[in-house]
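Starting off with a structure, shown below.
Chain lettering (A, B and C) follows the sequence in which the chains are written, and residue indices restart at 1 in each chain.
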């Protein structure tokens, strides 16, 4: 697949997802556009509730039935996912797009063996016989670094440790050699030492299988370790998009700057938290959602949502600080 | 496994023993006896004393108790005081198969209708099918069984004369009793299955199954069903015990010669040995059913270790 | 699926437009403050009540129950007949303007008797539920919180109690204590609290391991204070739901016992007694069965709707 590296694999335009709840309509994703290229790792960062998981579940069509999904387009390898039937989606789910979830403790069915859970997609998508599927499953478990895979295959999830279970999840997601792997906070629920192992494993699997990865996390450190491009989300909107260098060294949005300032670093400078809480998505503000917490907030921020403006070749940011009138008045703001 | 079953059965026997003891003394505390003058007005008092003597009812209570337990250990539950020449063992041997036949049909009907109905309601939550099954289920748990029986008898036996109102002579005789017995059970199972299935469908592992591209039919019928059936299994255990041993109201109203009809009459008649016999029999059924439930639970859920 | 149109962010001001000077003023802290959460915070119980109010079936159930209670209180007070007043000149009369629900074999007015029966049935239902809630919560709470040997012994007792053929025991107790409301209540206290106790124990077992319980311990609260002030209030939602379903089953049980003729005795009237009275006239005077049977069914129907609504309102996770 390496010959096609660089071309667009997934393209999402103006995705909006909302949920009907008792309290009203929660607008979790409010019009985001992004793309993922073949062979690259895209990171999506943002705090809890910013819509990063919901947008991925929307693409995979795994939303609860009180959800409402709208988009201008969702193209996967040129195919329109938006108008596929549930049945057509199933030949993509687990086959061409694999997914790993946050909590390995609850993501595996407690009443079925690892073999059952791993062989099901193999037999379904690759049309393998039971025997072939088992052989393939064994190899997968070996690949994800599980010792004595024969024994593990017949075990139940409760007999495995958290890290082991996440390895099984990765094996399940990768067993059909998907073109895209969506990892939704794959290391959040794990111990720090295990986190590094799982990230290494994901990087290794990506290399070996030539899979593109979308990694969702709230941890910029995790992004830095394996991603090439980053999407910063806040309150259901994209705040900033760019390469890892753009985000870390040419930061273009006060929210990204806030996130960076709150990561512990080796130098003993003081950690600066972002004060306040994100806006209520039941009734989102009409202007920039970060206004309430932004140290640079102006009147215009409260009234108008800034569009994403290009700052470099692949770098763009949604902030009024980049507007010429603002620059004329207060000059370039160092973020 | 064998060790576990043995342990549970031993514990069961101890519970039964406690049960028999309490029943025995409680029964004798109740005023009146099988041959007390107030019960048998037209029999001379002297003869009553003689009869009581014959059955050993004039001995001290503790002696009677010792004798009863001794006989029980040999599997002899004594003679009915009210039905001459009938032992309690014979009574149970005659009544239980009849009750069990109706009960087993009732249990099967309840499971066959209740489980799918609950699944459909959960899967189609908020839709018409859910609404219908929930209204039906709420009616089922809200209408007392005697009202259902009486209504069915009135409609099918009196008004339309489709089914006989008593006896089990043909298959037609079974339909109404089985239906009345299963009606509220279907409702309970439907409600239980629905809420359990809804809970399961919210779990992360179901999302994982879907993310693998598993068809909805298999997600629900295989992966979610195994998880959500557990509360139903727990409920069905005691239900089986009580349905198999006969339902008083149904046996009384439809004149079915089962065990259930003795529950009340034996006590009001102070037929001590029958009351005790029924207690022992029912108690053991409950204990056995609970044991079977626990074993089934462990078979379904590998996290439950029954050897401990 | 409802069509939801999320309001899209307005890009009415583009990057190429000039921004008016007035909009470039920096916001003060207090002005930014206004942008933060505008939703008023609502207490848990108030939120539950708001959710319950939206549940049409539960509200219908509540209305029916209130009407039934009012009728039960008022009808026997203002009716020209009393519940035990016989009138041998007019036995077995079909419903008419004079006797709304007709009369029974002794000429007693069935309307008054049904409403009088509502008093007894509702009293038994609510009292039995309250008593069993107290026993169940204390028993389950103590077993769950103390744990160890105490828990083991207490749960063994519960196991033995579940092995009891409860019908036989209730009848035995009723014979021993006599046929009145008190003995029905006592008979029900035998095994009714077991579900509540089991549920509370399971809840306490998980709650006591949680950090807030540890925090309370660190603050120096005694075991009992933690149990009473922290653990039990936290499982109140599930307790209330269990109890709401205890009420209908207590009413059921009373009706059942009285229907067998070993509960409330004539001339007193409960719904079960009335149904028992009616059974011999079922084919000739079905109205006698119709009214008490409908009264029980409607009441229990409402209670179940309230219970379902409460469950959804207290734990919305179970609904959505």
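FYI, contacts are C-beta pairs under 8 Å (C-beta built on N, C-alpha and C of every residue); 3 or more make two chains touch, one makes a residue touch a chain.
Fair warning: this is a prediction, and the values are worked out from it, not measured in the lab.
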item	value
Pair of chains joined by more contacts [C-beta pairs], A-B or A-C	A-C
Centroid comparison with chain C (C-alpha atoms), farthest chain	A
Between chain B and chain C, centroid-to-centroid distance (C-alpha), Å	25
Averaged-CA centre spacing for the pair chain C and chain A, given as whole angstrom	45
Centre-to-centre distance between chain B and chain A (centres being mean Cα positions), rounded to whole Å	54
Per-residue overlap in chain B, given as positions that touch at least 2 other chains	none
Per-residue overlap in chain A, given as positions that touch at least 2 other chains	65
Chain C residues touching chain A - in the complex, by the definition given at the top	1-4, 6-15, 18-19, 21-27, 31-33, 35-39, 51, 54, 316, 320
Complex contact set, residues of chain B against chain C	11-12, 15-16, 18-19, 23, 26-27, 29-30, 138-139, 141-147, 150-151, 153-154, 158, 195, 198-199, 202, 238, 248-249, 263-264, 267-268, 275, 278-279, 282-283, 286-287, 290
In the complex, chain A residues that touch chain B	60, 62, 65, 86-87, 89-95, 98-99, 101, 103, 106-112, 117, 120-121, 124-125, 156, 158, 169, 172-173
Footprint of chain B on chain C - complex, ascending	159-160, 162-165, 167-169, 171-173, 175-176, 248, 252, 255-256, 259-260, 262, 275, 279, 282-283, 286, 289, 293, 296-297, 300-301, 303-305, 308, 317-318
Interfacial residue positions of chain A with respect to chain C in the complex	16, 18, 20-22, 25, 27, 30-31, 64-66, 68, 70, 237, 276-277, 279-280, 282-286, 291-294, 296-307, 309, 320, 322-326, 329-330
